[in-house]
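So that you can tell them apart, the chains are marked A, B, C and D in the order they are listed, and the count of residues begins at 1 in each.
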Amino acid sequence: MRIFVCVALLLAMAPLGLPLFAMTLLTEALILGLLAMSLDLMVGYTRLISFGHAAAYGLGAYASGYLLLHTSLPLPFAVLAASVLAGVVAIGVAWVCTLAKGVSFSMLTLAFAQLLYAVAFKWTSVTGASDGLAGIPRTAGPFGVTVFQTKNGYYYFVLVCLLGAYLFCRSLVASPFGAVLRGIRENEAKTLSLGYNTRLYKIAVVAVSFALGGLAGALYSPFAGFANTELVFWLFSGQVLIMVIVGGQGTLIGPILGAAFFMLLEHVLSQYTESWALFFGLIFIGFVMFAPQGIWGLLTRRARA
Amino acid sequence: MSVSRRVLLQTAAVAGMARGAFAADSIKIGIPVALTGPLGGIGAQMRRACEFWAKQVNAKGGLLGRPIELIVEDTAANPATTVRKVQEMVERSGVRLITCIVASNEALAVVPKLAEWDTIFVSGDNGDGRLTGESLVPNFFRPNVSGPMGTRAVTLWLRDSPMKKFYGIGMDYAWGHNSMDVFESEAKRAGKEFLGAVFSPTGTKDFSTYITKIRQSGADGCYLVLAGDDNVAFLTQAKQYRLGEKVQLLTEQVDEMGINASGDASVGLIGGSRYPAALDNPDNKAFVAAWQAEYGRLPQMFEGDQYQSCVVMQAGIEKAGSIEAAKLRPALEGLVVTSVKGPITMRACDHQAEQPGFVVKVVKKDGMEHPVPEVIATYKADRVTPPCNQMVYTD
Amino acid sequence: MDLLSFLLVQCLNALSQAALLFFLGVGLTLIFGIMRIVNFAHGTFYMLGAFLGYSAVRVTGSFWAGLVLGPLVAGGIGAAFEMGLLRRLYKRDDSAFLMVTFGLTLVLGEIIRLVWGVDALQVQVPDSLSGIVFLLDEPFPVYRLFLVAAGAIVAVGIWQFLERTRLGLLIRATSQNAEMVHALGVDVNLVRSGIFGIGCGLAALGGVLAAPLLSASLGMAGNAIIDAFVIVIIGGMGSFPGSLLAAILVAFVQVFGTYYFPDFAMAAMYLLMLLVLVVRPGGLLGKEA
Amino acid sequence: MALLELDGLTKRYGGVTAVNDVTMRVEAGEVRAVIGPNGAGKTSLFHLITGVVPATSGEVRFDGRVLSGLSSYQRCQAGLSRTFQLTSLFPEMTARENCRVAAQARLPRRWQPWGGTTVFGEASARGDEALERLGLSAVAGRPAGLLSHGDQRLLEVAMALSQRPRVLLLDEPTQGLSVEETLTAVDTLAGLFAGGGLTVLLVEHDMEVVFRLASKITVMHRGSVIADDVPSVVKDDAAVQAAYLGGYA
């Protein structure tokens, strides 16, 4: 907890010391971190490997974008509504996906996400089809609060969402509910025979994971000012999964680091060489070979040694 | 390639590590261009044109006595990356002028942010009609040909052709639907019959069903709004089904990459061109000669169009004496520039350049490895440029 | 075009598309069925095949040389990758394979870009196959008929290989029980390298054969991998006849779906996949429930 | 009325009848063993009782309540706790955590997504008590996956026990154990059952184990019950001897 407070304080002071653009990168890193952390609930804590987490992000991004463009809903409410929507949709998706287990579950999530991608491409009146939604504003309010309109104000909003979500997730995985998830991760058949309705628990965790992933997406679209189909594309789902694994699954904090690492590495590498994908790929392979526990595993091992 | 590569690397290194060394002096221009991914080919052309132009200008002592510094970043044609990269250029390197964005959806994502960044964006190839229509913002300028203008040139040519009935196939993409709408209304105005259109998802590999549909429609001509891999795949497969023997294929834009990749399959194709290297005017001749000296080949379509955008940018900066948006914007509005397509006017009302339209036909020429486009008709600027903020024509 | 010739042409269109999808899916399902690896780089090997085919045609002047060399070289690279990297990961969980093959996708894709450049490259149909035949007065490309035949030959070939040869037997045995095969004194590692190589080679074969329809371009990999996944999932992960069935099913749904409901062309494949998985979570012929 | 009643229970797989018209009564407090040679239908019967597979016909009643249509987790909630033939644990959790998760399943606030001090406290108390009764307190802090095979088998019983079941269902509790491990395990179980208060139904093929633990024995052969009585009677039953026991007695 002491470390958490220190990191939170450090992040809260970031706007004082960091140049303008670093703040842009940091904000985006936190948003992606929230997304990766939400996926970790499924992957790391319940062993539900989702190949379709971009669906959560895209749902949130489109929903908050649509609300901000077409209604006068204040920003925090639009973001919240989008997150809830993602969670509710997830209940239906999870109801179907949990009919299957293992690889088949992953593939069903992929199918759903791609279907959503197709819908985003076709439902022009809501999603803007291939163009997506552009010019999504950061509206003022409620009660005349304008803090979200400024760059740093929005950063604090994202930070609060991330820290809140982190505390929520940490409490969730440590709770009795979390203990059952851990049981499902280690031995689902046994958990079922112990009298737990495992499918219900899985649907619940998918819903929570999607709601938080949707929150990340809902934060992204007013940040970037647009939402488009790339956010729902399967490739992005794969990348989020990689972020979780690179960071260290089942640690919550690891995936946040993984997301930041992924984004910053791509960003920086592509500044120095056109062949950034080459080095990007090599670094991933290196991670698999030499740091199987991910970034967080690497850090904590150093700390213990 | 190797020469320009090194220039780029130096530029990138300077941009990355020693920002500020001659930063105060140079005129920085952001080049957020798709170098990787499926649109990398077009991006490479556009970047080459920018580098060629910058080198020319710098060799003559720069702009306003200051050297041009290009800040090149790869966007991989992903709008999320594009917005982030441009934001970085603005916030970190102090860029206030950008060009060379490849895809329309990247442009549409960037445009609403221009005011916040106080940055001017001079398009080099973005064709979406709405950029100068419903999505127009004050800091956006389009010296290049738009999609509707390309279509318009083709339909003007159609007015004099004996073909009567038309069908269309477009990418299931904003651009595809946009251009097809223009084609439909133009074809109807020309007294032709429009039998319908079909849209294929981006990344379609097998066009056999679409070819069946086109054949069944009984059209004399089929209008294509396809780009990149989809365009190549369609042309190649259409040729294999001998579609061209029954139906004249028409397209919004004939670009050399598509021709080279589809080879003989593109022969006979008629379409608009944003820039045919064969244009006969002194500016173009000088440009082509210099280009050939540098690269040993003719400039291609996107190279010529992007080069023209650079020249417009240059004229605007010289007139404004600055690259500040507040000064550059009025300087560009109404500006008349003579470049590779002759004199063009950046009209003030919607920031679209009024310029001539060209219709070309792909032919095989002896001694050339690939077929080449040949100009078969040229239309004056006032006939191909739509009314202000419009995508459809009234005459 | 009357109904009969329409149906004939459309069915042949679907079959030729099915052949290409089958080449794509079968290698992936082979690798998954035996090694339990979801090979993210499969689409990249397909793309590599197309570019290798292009170069082989340029150098030797023969499409047939490309058809042999492309899969061989790609298969060799695949096998080398298995020996160099994957082999060290068999004791780790699935996520390691996911990441390492994702990494390979990036690396291999970039190498292809550096070697062949960014422009799409044309691969000509060989002269002997460039003609058309008239089926009930409708022209149909000979090359597409060749694709159907090639698909049938490869399908029968793989089936015979698995059923009749010693290596095929070993492959099937390894998928059932690797330790047992190892105990019998067989080098399981070698079998695995072989399988990975063959899987990648089959993808590359698909790439070479698709190149005259699509050209060799950098966009191929991303489009192909998702198709390959869909085929493998619908057919049942690891089921060889399943991938054949799925390829035919998907191709027919695509061809006729696109014809009658062009607006649903993109969603059709995913709807089909969802439908199959809800009814049979393991895929049409998959074992897993 | 008996606590657990099976009436005409039948299971057919295609043409094969795995369980044929089995009727059985298990009284509260009894330790019932179901025995039979391989393929006699013991495991299928076990699956029918725990709800892993649905019955073709017949029904299972527990405390007068018909269990048909209830899935396995619902039967567990009703008071039937089971172990598996092949050890099934949470290998990365400690033995204590294994029992805690098991005990938690029977608490009304088992799903609570926050805090958990009360829930965990109560569950741990029940789990620790079960560990104690099976003599596993010494290894309670070790990951279950690292325990000896014998301890793992007992841990599974402890998990079931910590759920305070009304009927304890054990599927071959000494499966895969060495002779020595079997002796220890049987001693422990015998001690547990001697304490009384437990109703147990166990499936076993090891005769020695069965005769030491069971108070009543049901013998199955080819899916049907051929004997159902106290051990001493079953031992001398001619039909059983002929069908199954051979020269054992």
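Rule of thumb we're sticking to: a residue touches a chain if its C-beta (ideal position, glycine included) is under 8 Å from a C-beta of that chain, and two chains touch if they have at least 3 such contacts.
Because the structure is predicted, anything quoted here is derived from the model rather than measured.
Of all chains in the assembly, those touching chain A and also chain B are C. Taking the mean of C-alpha positions as each chain's centre, the chain lying farthest from the centre of chain C is D. With centres taken as mean C-alpha coordinates, the chain found closest to the middle of all protein C-alpha atoms is A.
Here the spacing of chain A and chain C, counted between their Cα centres, is 32 Å.
Note: centroid distance chain C to chain D, computed from Cα atoms, is 49 Å.
If you average the Cα atoms of chain B and of chain C, the two centres end up 36 Å apart. Chain B and chain D have CA centres that are 75 Å apart. Among the residues of chain C, those touching two or more other chains are numbered 110, 113, 222, 263, 266. Residue numbers of chain A whose C-beta contacts span two or more other chains: 121, 277.
Taken residue by residue, chain B touches two or more other chains at 35-36, 172, 201, whereas all remaining positions touch fewer. By the definition given earlier, chain contacts exist for A-B, A-C, A-D, B-C. Those residues of chain C lying in contact with chain B across their complex are 1, 6, 9-10, 13, 16-17, 20, 110, 113, 118-122, 124-125, 130, 132, 139-141, 143-144, 210, 212-215, 217-220, 222-223, 254-256, 258-259, 262-263, 265-266.
Per the touch definition, chain A reaches chain B in the complex via residues 19-21, 24-25, 28, 121, 129-132, 134-135, 224-226, 228, 230-231, 267, 270-274, 276-277.
If you check the complex, the residues on chain B that touch chain C are 35-38, 40-41, 43-44, 172, 198-201, 203-206, 208-210, 212-213, 215-216, 228-229, 232-233, 236-237, 240-242, 257, 260-263. Contact residues of chain D toward chain A in the complex are 50, 72-74, 76-77, 81-82, 84, 88-93, 97, 100-102, 104-107, 109-116, 119-120, 123, 159, 163.
Within the complex formed with chain A, the residues of chain C that make contact are 38, 40, 85, 88-89, 92, 94-96, 98-100, 102-111, 113-114, 222, 226, 229, 233, 237, 263, 266-267, 270-271, 273-274, 277-278, 281-283, 286, 288-289.
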